[in-house]
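As written, the chains take the letters A, B, C and D, and residue 1 is the first residue of each chain.
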């Protein structure tokens, strides 16, 4: 069985492991991510690759796949902009090739994780999948006809920055009304804070879980309270779920996938999130009375998805 | 050189011709479209195919491509819903195969026309193209990595029904605020009528071209007045162009094409439309200060695009 | 006890009666409304006044108050624009004075009805009241410090045409997104039709009450079904009630009344409407955690409010 | 000629002067505002009143009018909530009466300033005026039939918190989409910062005036640049002016004033602001083709308006 090494470069740590062709990972190692220094980053990744190969026969490891934070160009070689890594126009594939005598592929980390879900996770068996990551912001990846769609310049799938409200909430991207201002983890926290200001009693349980102060409420407290059945927290998920479902309906109009896979921290709430999302999607999708509705599922692979997806992409 | 037959089935007429592999068409013939009768429609198309093959050597025509109004399934065989044709769940490929001993492909007409633009028209040489048709409504087609993207159920590219205004204008699809309510030919006429009511003088030239009555203003009068430089008509194009550009910006966030091709009756205005569209796109696209902006061009092939595209798809 | 005559001029009929200073009306008579002829209309009203005075001692009737469809100027003398009556710039007070030797006051009919509610109906005892009429459209009247506020040109209270949705639904007034497109009886019917299209089963009871066809559903069927507890009809009231409450919240920010009185056909649903309206109002009103919230009540006087209010205004 | 004392209590200073019945003020004195101590504040105001009376004959000063930051109840006696003063439910009239043997009236400072404009400034001679203050936020005051309208609980005129965009920008009041998020000085600065991020060159002049850094741009720099004719700054005023005019159109639908008076820091730009505001108002007001349009003027009295208005209100 051919094995590949998957590397997941995040803003704080580099995680890597060896994966087989079934998406099973082992020997996971992590290192801190150096900031603003492409050579140092390549040293770390090169070192990790050597470390992982050590226990294996020559030729047992066929390739290296790297999923990295930031925008990656369409040639899957250059980190065009990686704000969290302090890098721009970084020829990372080239640097790594000088350190590792294996084929190397560099991919955006959201794409890598999405690919893992399509190959081995919630999207297994589906050829038309849109993955949406509801984290601090909203990211996405598009798989059509079994292929990851990167767009012409490598930045397809920036679904968090399509606009849902004209003149809406200000977004860090410079626009107003972007989907991620309504459907993200930050939006979920915003709902809880609004609730705490307007109707403090309904936010009490969330505040209690946060240590007593409403302003300390984070996503994890909202999720925990909602999973206990707390009505205030559930109302926050309903509000965000409405926007998530509405956005999926727009994406369905454009892309017609058979499946949406929802990941990211907000998706930890599982059915508490899925219920409102599916309900909203069914109400908003165009042609809803005649078309076959796409399914909506929660991502399955968790934090290892980045390694798994990068490793698998190295084989293609 | 291999030749194929392209057939374009519209609500009123069936047009067909023979195309070579360079997208050149000849021998175009047309017939009225029978309504609500799949067998009769197959008879018409079968007859047309025989007619077109007659003048050619056996084997000279390699295949038949059909572009048809309505939704076509992902297997490119069945007209799932063709309201203008009075058909539903129509196994049209099968019916045609019984009449024609050539390989047959059935495709949605907007997809066929878009494919023609990508192969031989405004999108020649581009692998990542989104085509948007601004007619009575708004249609679209998505080409990624050189492939027409049909989605899982064949209805990808329904860009006219993604939502741009929450609680916005009622759309025939049952939703509110769909893009086509703001960016279509009908929206353009709505702008002119609004102007005629609110500031009759500014709509005078358009009314004059329409025969004197403001309520008779149609797209062609607005276009004609605008191309003369009439300020009122130009303001209608600015309003619609703003929404077109904004929608393209959203599509760019999701799909990252290198090119948008704008077709349909509204695009007859050429630069009068393109100016406001490009300006709006540049102001609205996420990451506009760092990303490479997609180009925006007017479609080139006109009414023959459907035949050309269908013929070419038959070869693939 | 002083008595006055109140006249209510609507698009189809003129209704009039004698009222005492407690708002009790008797001897109500009606006549068809002549169209497009101010003299004929004055003849009808003059005749009605003579008819009503006949049974009473000389001097028993002190004045005549007329509430009329259309815009009335700030001097309460001229019908500036009465589209339903076919009149414009009609000096109606002058015409009536030539036929009736009593003091005459002309007022907009919505203002007259609102005044009746404030004096003798749901607003009895309140000095700061906003009346909102949810009929085919949305009308309004503003009472501040015990005085009917007509504005400088007599057209204050056109609350149906303040904008709630930028780029929203087209309104007959030439604007887009006016409140009356979301909060009126017509909007309620629109909700039911949307529901019938998207989820026919949920609209079945309403369609049944309308004689079988969903497209025949009118306000009365929605109200009847909702009052039976039909879930689909209730969802229509929730949707419209949300917009009504939101609009009241905006009016509260501007006018700070102690009471809103809701009249018009949509208000026949009583608590079925009031529940969602109050809930929405409480969620949307600025300063809701600290301010004293205005009450919201259904109008009490029904179709006689116009006569009662006009009669009472004649005394002031 | 009767004279009164006007006192203007702001968050940082108490300003007071003696006014005659023509709105002329003299002997203006100022003191720092004590925070969170109603007795201390009453001491300051009482002292100021004694100081101002000193130079005048007994009986020459007829009354004291106080305009204060914060909400004042409808009885014009209690500061219900004065966040900037650190006061709540403060019986200020009562406290002042114990120190001053003159009739005392307490009024909200925005109301006082608006009243001054109606009596002696831009609104002189008009009975139906809406004053809108475009400062950091947006405040307002409503004069109908020559009377200041306080509403039932003293908080009428909170026009900055009526909603213009559903799901719009978050507002400090706990709602989203409030007018003040789009039409205030803060919104003007937001436009400049957005411009600086998206198209740095167009914001260069403003940044230069701010000392070099775009992020230091404040309202005064935008105003200064716009008055020089700087295109980028003018575009900021156009964007904000569009929203101001749209809001005035909504207020006209509800209140039908003959005049809007625009004050606050943003109004220092004069015609640079008025042009876009009037244009937007004319495009958005309902019934614009038939109704008489309200005038829109800049406030005239500047920072003394608060003293003048409070002094005049003391006489009524």
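We adopt the following convention: a residue touches a chain if its C-beta (ideal position, glycine included) is under 8 Å from a C-beta of that chain, and two chains touch if they have at least 3 such contacts.
For clarity, every value in this text was computed on a predicted model and none was experimentally measured.
**Student:** So which chains count as neighbours of both subunit C and subunit D?
**Tutor:** A chain counts here if it touches both subunit C and subunit D, which gives A, B.
**Student:** Which chain has its C-alpha centroid at the greatest distance from the C-alpha centroid of subunit A?
**Tutor:** Of all chains, C has its centre farthest from that of subunit A.
**Student:** Counting C-beta pairs in contact, does B-C beat A-B or the other way around?
**Tutor:** A-B
**Student:** Using the average of all C-alpha atoms in each chain as its centre, how far is it in Å between subunit A and subunit C?
**Tutor:** The separation of the two C-alpha centroids amounts to 54 Å.
**Student:** Give, as an integer number of Å, the spacing between the C-alpha centres of subunit C and subunit B.
**Tutor:** 48
**Student:** CA centre of subunit A versus CA centre of subunit B: separation in Å?
**Tutor:** Whole-Å distance between the two chain centres: 34.
**Student:** Hey, what residues on subunit A touch two or more of the other chains?
**Tutor:** Each of 165-167, 174, 197-198, 288-289 in subunit A touches at least two other chains.
**Student:** Touching residues of subunit A toward subunit B in the complex: what are they?
**Tutor:** Those in contact with subunit B are residues 81, 126-128, 140, 142, 144-145, 147, 149-159, 161-166, 173-175, 178, 246, 249-251, 253-258, 284, 286-292, 294.
**Student:** Which part of subunit A faces subunit C closely enough to touch in the complex?
**Tutor:** Residue list for subunit A touching subunit C: 166-167, 197-199, 283, 288-289.
**Student:** So in the complex, the part of subunit C that touches subunit B is made up of which residues?
**Tutor:** 165-170, 174, 176, 182, 190, 194, 197-198
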